[in-house]
Amino acid sequence: MSDLFANLGLGFAVALSLQNLALCFMGCLVGTLIGVLPGVGPIATIAMLLPITFGLDPVGALIMLAGIYYGAQYGGSTTAILVNIPGEATSVVTTLDGHQMARQGRAGIALGIAAIGSFFAGTVATLLIAALGAPLTRLALVFGPAEYFALMVMGLVFAVVLARGSILKAVAMILIGILLASIGTDLETGQDRMTFGFAFLTDGIDFSVLAMGLFGVAEILRNLDQSETRDVVRQRIGRLLPGLTDLRQAAGPVLRGTAIGSILGILPGNGAVLGPFAAYSVEKRLARDPRRFGQGAIEGVAGPESANNAGAQTSFIPLLTLGIPPNAVMALMVGAMTIHGIVPGPGVMTKNPNLFWGMIASMWLGNLMLLVINLPLVGIWVSLLKVPYRLMFPAILMFCAIGIYSINATPTDVMLIGAFGLCGYLLIKFGFEPAPLLLGFVLGRLMEEYLRRALTLSRGDPMVFLERPVSAVLFAVSAVLLVAALMPALRRSRDEVFTEA
Amino acid sequence: MKDATTRTVRSLCLALTATLGLAGHARADAFPQRPITMVVPFAAGGPTDVIARIVAEHMSRSLGQQVVIENVTGAGGTTGITRASQAAPDGYTVMMGHMGTHGAAPALFKGLRYDPAKSFDPIGLAAGTPIVIVARKDFAAPDLKAFIAAVKSGGTSINQAHAGVGSVSHSTGILFDAKTGAKPTLVVYRGTGPALNDLMAGQVDFMTDQIVNVAPQITGGTIKAYAIATPERSTVLPDVPTTKEAGLDDYEVSAWNAVFAPKGLPKEVGAKLEAALGKALEDETTRKRILDLGGTVPGSGERGPAALQRLVESEVARWTPVLRAAADGTP
Amino acid sequence: MDEPLHGSGHTRIRGPQPLAAGLGLVGLGLLGVWAGSDLPQGSMRAMGPGFLPRWLSVGITLCGLALAASGLLRDGQRLPSIALRGPAVVMLAILAFALTIRPVAVGPLTTPGLGLIVAGPLAILLAGYASPEARFRELVILALFLTAGCMLLFGDLLNLPIPIFPAFVLEALSGSVSPRLLLRAVAAGLGLTGLGLLAIGRGTRRRAVDVVPHSITT
């Protein structure tokens, strides 16, 4: 314990130097900015800023880059709430209740609770990394392909749970999501799958392209369509920041979201994407009246947002202690470190204690800065909603187009958001929800990879999923969740049949 | 009010036409006049990207214009190289090719729209990153010879990891199997990170990969290294024997990175780029950065356009039969 | 649009919306089966690339059949009304942006790469007309400000690799002006023009029409 304090002391000594504080602030500011811009993700930005960091000392450079990463996570929820565009896979669920809250004139409260929840989660996750970072990595090694497959299946069950309308339609959406994810070059054989001969499909569909189309463009089309009773935020905007009752309502979800997000973030196989979905499902199950979810329930913002930020922090654990980057941004951090002559891996903690503890301390400071940056911004964001929609949507469209173009510098991606936008519009019209599709898409690719890998390693024996204890437990939990989710639907449809008869 | 704005607009227009007029005279000036784009066909943060950024940083300084890295990923790097090969050969678009895109690709990708030996004007070799043979830390064999024997006798019960078709670990791994006669089960990963994770956890038995990716885990003791596939030992891993020392003669591979331009580059432009690359590789800090990663910096005799052209031709000749045979062997 | 058709004795199809949705899914599922039909299925031990797509497509088809059946058997919703103007115009705007931002080969033709300075305003002006409330002058001002802002934000500040100017302009200018300076100068010019238009408009503004009833202002 005294070690922990000594280490944190060292960390704060490093992070509180004037230069590092300034860099941390810069990172958080840039991160918030790009998070708010739809499409422009932390990957493109960090890659572009890498050369600038050449002149800095490595600790400062990494503090700034880390700031961009979690700053973008913060900012991403802003667009999800305000204009229904999830910038990252992790903010998909925030759109469900967050944007509903905005439509009801409670955008400020949603943004505020997201910021406060994220700050709390960030604080806890930072402490967790500091205290348990090293021992926790053992958890990462327990998870083999079979366990990850089980985890992904559990994630798909969450998608059923968070569906609002017809379960049948939700299942179809999930399947379509996985099918879309399988488009492109097959990982194992290098064969083209379902690309119809289009070169731009060989690398599959980018998440941002799909999300921007299904959520962003489709939302615009739907709003245009109902020009008389337009659904954008027209209600009077109430109080700007959450009040005491809001906070009391959100406290439980924030705590649970933090716990769920922290644990999933530690897994190097990009388990962090599941955090917000898991948190949402848990809140929906625990709620006294689950029907409020999807209609602007504050718990549906507080839980996932906390999980999201906690996962973003703890995903530094596999990077710093194992040298394994759990996602593309972390892979970029590896690059940043190697350029600065620091090779992330088991040795970082002992060889570069300044860097390791300095970064951890800076994460907490960064979270504090984000809270300070974001709370005053809430007012500005909310006032943006007063811009007439006929001017707002061309602007949103242009930001989307530029953002999407900047990911791969391919015009076909821009055309694809149009196509997906049209699909999304039709889906909404026919009563399908796009969220389960997106979740199926995110998990589908990973799920297939893990399934095939697990079966290769077990030489084709599917029993491997039940023989390994962790995987068996995860499957059991999924089964229970699925039955619990299906029961009311089955009962209801039987009731309907009876009442009709 | 109205007058004022019209006046502003008019003077702005005037300023614009003035600059446009000036431009006509400046064209004959020497290369480079504007930023140069260096296409890196792999994701930012990977070994090739890191080398490209280190080199580009110094080249920007000596050329007096920014060398901007553009990551265009996909299809084992061939997407980016294809796009860059179609750019105008004016020196403002160059690319960082590597062992895969300019050696293994013709054998792996049937519809490849460029020829590594013919579609480019080579500028020069930038760096090499040696290949290391690594295994899970509790693999019983004490040295490389015993390891090869164990892998051979284990047959398909041995699991070999690689980072996807077209990756360095894929082609070098297949070369290893071909040279030793081993027939392990191949387990595919999306990228080196997850493959290493499973290697550390003992889910798979071994793999071959670039030193940059595996050195920290080797020094940290979470995986073990049997040999490094270079003529000399690396300063980063001084305890790891070379393949020759360990008794495997025919396995020396390095994932080299080299700068190419689209075919048809004006001579003076090519010479300038070559000189800038050379200067970067002579620079102490640049060299040290590459060496610290475990990479190798080619000597001045082995990095020029002619030497690179020879390297590309010999690499294509080396990889094609091995990879074709492996592809035919699996259903 | 959402109310079910209770007691709709005169129509034979009880739930047109689920029926149509179900048939759509069946179509998609069959398309998936067809698109993946050339891929090897593999075995349990070495699952082929065609395995998952095939079973997913079958699953989608089954979901579609179930949904269509429910549309026939149970009362459901009416077919939704689908607007044409919005989607068509927005698609056109997106297409215009994609085709002008950088050179694109469409069959034998290659579009000229005109950069953000053309693609941006083009997209905004076109997209604006997706709404029946569009007003030309207002959109021009918006386009000027947004393009200037985006040039500075994406090109200058974030330094993203997005073409700002047409390639031929850059080539013509190469050497005389640094691209960054040019970018700032042009952005300033656009911004000033926008301000100018705004100022002119304030003088000659028509009343009433410009003030759309707006809940926030009331």
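Read from first to last, the chains carry the letters A, B and C; within each, the first residue is number 1.
The working rule: contacts are C-beta pairs under 8 Å (C-beta built on N, C-alpha and C of every residue); 3 or more make two chains touch, one makes a residue touch a chain.
Not measured: the values here are computed from a predicted model.
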item	value
Centroid-based (C-alpha) most distant chain relative to subunit A	B
Centrality ranking, top chain (CA atoms only)	A
Interchain centroid distance [CA atoms averaged], subunit A/subunit B, Å	31
Rounded Å distance between subunit A and subunit C, as computed from the means of their C-alpha atoms	23
Averaged-CA centre spacing for the pair subunit C and subunit B, given as whole angstrom	37
Shared-contact residues (touching 2 or more other chains) in subunit C	40, 46, 161
Multi-partner residues of subunit B (each touching 2 or more other chains)	70
Touching two or more other chains - residues of subunit A	188-189, 409, 452, 456, 459
Subunit B residues touching subunit A - in the complex, by the definition given at the top	43-46, 49-50, 53-54, 56-57, 69-76, 79, 108-109, 159, 164-166, 185, 187-191, 193-194, 196-198, 200-201, 203-204, 212, 215-217, 219-222, 289, 292-293
Residue ranges of subunit A in contact with subunit C within the complex	30, 34, 37, 40, 44-45, 48-49, 166, 168-169, 171-172, 175-176, 178-179, 182, 186, 188-189, 191, 193-194, 196, 217, 220-221, 224-225, 227, 234-237, 385-386, 388-391, 393-395, 397-399, 401-402, 405-406, 409, 411-412, 414-415, 417-418, 421-422, 425-426, 429-432, 448, 451-452, 455-456, 459-462, 496, 500
Of all residues in subunit C, those that touch subunit B in their complex	40, 46, 161, 170-177, 179, 182, 185-186, 189, 192-193, 195-197, 199-200, 203
Partner subunit B, residues of subunit A touching it in the complex	43, 46-47, 50-51, 54, 140-145, 185, 187-190, 202-203, 268-269, 318, 322-326, 328, 331-336, 338-339, 341, 343-348, 408-409, 449, 452-453, 456-457, 459
Complex contacts: residues of subunit C adjacent to subunit A	17-18, 20-21, 24-25, 28, 32, 35-36, 39-40, 43-50, 52-53, 56-57, 59-60, 63-64, 66-67, 70, 74-75, 77, 80, 82-83, 85-87, 90-91, 93-95, 97-99, 101-102, 104, 116, 119-120, 123-124, 127-128, 130-135, 138-139, 142-143, 146, 150, 153-154, 158-162, 212, 214-217
